[in-house]
């Protein structure tokens, strides 16, 4: 009864994660406006029950970037997972393998990307943050491909780190024991802003790749390159034109620009802009199978789970994460059965209906 | 003063129903999103007062499926009524007779359908759940007709049982003393899902009738067959085409798909889709005569009362149920008088007006 | 500081009126849905400030039914005023005279209409409830005209008394000491409903005048006849056609049909339906000068104050009522000055703007 | 962690400002309806993140009335600043100079306009209230120009002082030690209203300049004349036609007409009415850099900060004010970076998107 649904891991995790770390994880940037919007957005849609459908061969399988997946519920790249569990990303990888999920490993993993790749063999993609020095960026990409990662996911929405007020108030600091294991040998050469220069704009210039750098990465990469953090139809179109293999509609779980719209609220327009066949993933705010259902209905091929990953990891390690994914999948199947959808493609064709505010 | 209106039975019942059973009854599926929407939906409509109407022959009578009723307030099929009162469905039947209501007896009644039919003689319909084995389904239908039930109501929105989080947390279990009396001789042969098969989709396949099975029931039945659980205009049209005698717009009181729209919010479109003359009943969320009024205004011929039945039964048995129906009817008459409606048909023609949110 | 605005009398009155009587006064019918809507409706409109207007001859005067008034703030007919102050209607009359207001005396006044007329000499109109026996109705009208009342206001929205749940729960009963002084010599001959008859519809038939009775009153009356309780454009048009001298848009302060729309929300459509020149008054929910301003902007010629009358009367008798009217008038003038309106007619021409919900 | 963002000065100031003075500052007029709207209005807009922009020469500079400013965050005219800090306006002036802000000095400053001009040398404009006697008004203007103020800002939305209920209840009175230093030699000759005259309309007539007076001031002034308190497109157009050098869209931080719309909600229409090139400033409700961003996106060239000025002044004098401005500027830069805007002009072209209510 403690865990009656996937979302229950959120409440339960309060007992397993120290308060300052929890503030860092649960919070968004700024005042959590976008973080709250992300979840509220799902309440603006209702799912219409259907009762006469034929569900004989019903399943949740999908094909994406040449890979086949049993279900569309992937593990978002989440940094520093040993903050909440000693095994950190290693356990997450085992859970991903056990549940046929796809794991996205963060540049900022607390265990090296190679170790994660050794521990278990799920579908796995590598999430890349551009580094200040181009050679550091290249090195990361080469290591990921050498370790068998099947795609590169470039996160573009975090060039400036927007502080989260909740984490600041809680006094959160990364503990010495937790490190960005992949970056341990880099030189920390953050240039000092010249007098009168804006610290913000300066920082941005150092951490955001130029269009050329991005294009180069895409054209030279041996594996598909996917861009994470897309929130505008024109950016999506430009990325498609640039040769990206897919995009991830995301506002970084409300951790990037506070005051950005809910990720779900821009999804349909972006799908519309890039056409039906271009790979599009979605994240930010998903806490249940009905959230997954709604994201798919509005245009996502698959979804990423961020915070629920850490919450379930903190509670019971690999087992917790695997259980959480299993619950989400069953919740999704329940929605599909009751709305008469025998496949993910059928969801896409099924209209949600807007709820009246207050409903 | 404790019971100033029908809805008061809800609050009062708290003192008469054990907490775990109350959680099971009061709750919806999942997180009660739809269950709450059902009631909130009524607040989005206001009734326009009229002051110059002639109410000389005002009454609440209606004709439905060849039967004449004094008023449009029927008793929804509600399982296991001895959970809240020792006489269970037997008392409900007496109340239905005393108040000229129509009683829908559930497949899952805690007293056999034959006993209920003996105890009192209200208008009565039998609510049918399809059973895993076709012969079990047929047997139920034959027994119902033999016992004098005047219509078969097939509930189609509960092929998969969606667990209610509230009931799970309260630790609700059906007590040993309460049984599905009509099914006591059936073999419980739930097939075990084969390895790798989805439990959800599997369960659905076993409990949802195929279109053929439905069509067969309709064509062979000696009494009208009504379908309960309709939430989409196209399903309504398909059922009409299939030969159903009527439909019940319902989301099972929020106990089927959590996240479905409020039942009231789909009503007008469904009435529109099937035309003015096709029998259409409504339930989910009704707690007052003004709710009844609004459902009729939006297209219902009559309405079913679910939870209020159990609440009033728990408080005072047959007397409680009869009193509750009487109050609802008077509340409905008050709305009719003050809006200048001399008949149910006049309500249908009377425009409600949307309230502004916050009004 | 206790009384910084007219609305403050509401809070202060809690200390002056016994709880059960307060429940009766403050509450609406049913669950106070309409009563709350009435006040909330004003929040949906904002007033646009203007800064370049010429306010040289600014004033709040108006002409209505051949009478001239210094301002548009009238006293609604409110029954049984000695419930809250020993002088009851007598003090109200003095306050009306002192503040150049117009007083509407209720059929159900706790002091006779003749005594009220003797005590002070404000503009005064008589509010009429039709009585079960036509001769009783005629007698009231004749007495009122003989006593110098300058108009008859027929209230049509209270043919059935809808009980207020709040008052019922508080155990309110009219104390023996308070009586309908004008009706003291009538025979209380309420007919008993025949078996099987609906009490509600029956009661309605006895207390609502027929169209003929209404027409007769209008055609025979020596003073203008105004109809109170209009909430629908068609009723307004029909009354105008019938010869009524004016109408009062009102839902009886939420004390008639619970679930009716806010009075303010139907005002503009009704003004539109009857044209600019037909006398239209408004009440229900007014608590401040900005509420008065908004009602006038949406089409009212003048407004009636209901509950604030009783609240201020309870606190300080005639002085309280006069102070309350003075505050309302100043609040209205402030709104006029800041929106650049030099006259009531100018308000009418000034657009309000809808507020966004949440603003 | 106490001051993680500019808005934090609001909470912190509670410990530095006596309760009655805080009520006077924090409150609006009337019931604070407009004051609350002002802040809520910003929540109705979300900022769309963009990820592919080139921010090489990003900056926040602007040109206004022939002056160049590093950023668009100005200090609103705020009366009686020694209420919260012994140095009052003197410290504010130092902070304005240190942060490259522009300071608007109030007619009602608690230190003379000449002293303020001596203490520091920021860009500075003088805010003018018309005085009852024309010669007093002229004198103020001449002194301001003599002291080097570079523009005259005429506030037109406060001809009638609308009392703030919050301040009244808190018993706020201007302490004897705080005076309108610029007006100390004027004769307080408030004429007594003649009998029967409205106090409100009378007061208005004395404190609002006529159109002629305004036109004369504009045509004779050696420095640009800007009008503060504009809330309607037509007023804006008329002022432009009259020769005003610019306008300030403002409802006086909710301290003028209570019930006026949020200042932000009228901004776009006013910009639209006066064209792209006419100088337009904005205030009322700004508490963060994202608020500044939104005001600029909807048409403002620059914004004024009112209450935050007093809050930060109370906490740490000139240092507090300077820190607050610095934080606002960084917050603005963060929004610009994350929405891909390299200049204020780019913001103007960037669409915000409305949030769904509840988002």
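Here the chain labels run A, B, C and D in written order, and each chain numbers its own residues starting at 1.
We adopt the following convention: contacts are C-beta pairs under 8 Å (C-beta built on N, C-alpha and C of every residue); 3 or more make two chains touch, one makes a residue touch a chain.
From a predicted model like this one, the values you see are computed outputs, not experimental measurements.
Trainee: Count of steps on the shortest touching-chain route from chain A to chain C?
Mentor: The fewest steps needed to get from chain A to chain C is 2.
Trainee: Centre-to-centre on C-alpha atoms, which chain is most distant from chain C?
Mentor: A
Trainee: Rotating chain A so that its CA atoms sit on those of chain D: what angle is that, to a multiple of 5 degrees?
Mentor: 90
Trainee: Would you kindly state whether over half or under half of the residue numbers at the chain A/chain B interface are used by both copies, giving same or different?
Mentor: different
Trainee: Counting only Cα atoms for the centres, state how far chain C is from chain D in Å.
Mentor: So the centre of chain C lies 42 Å away from the centre of chain D.
Trainee: I'd like to verify one number: the distance from the centre of chain B to the centre of chain D, where each centre is the average of its C-alpha atoms, in whole angstrom.
Mentor: 60
Trainee: By the touch rule stated above, which residues of chain D touch at least two different other chains?
Mentor: 43, 357
Trainee: Quick one: label the inter-chain contact graph as line, ring, star, complete or other.
Mentor: Topology of touching chains reads as a ring, each chain with two neighbours.
Trainee: Check the chains against each other and report every pair that touches.
Mentor: The set of touching chain pairs is A-B, A-D, B-C, C-D.
Trainee: What residues of chain C sit close enough to touch chain B in their complex?
Mentor: 30-31, 33-34, 37, 40-41, 43-44, 156-157, 159-160, 162-163, 165, 168-169, 171, 198-201, 204-205, 208, 210-211, 227, 229-232, 235, 238-239, 251, 256-262, 265-266, 357
Trainee: Touching residues of chain B toward chain C in the complex: what are they?
Mentor: Against chain C, the touching part of chain B is residues 1, 4-5, 43, 46-52, 54-56, 58-60, 290, 330, 333-339, 353, 355-359.
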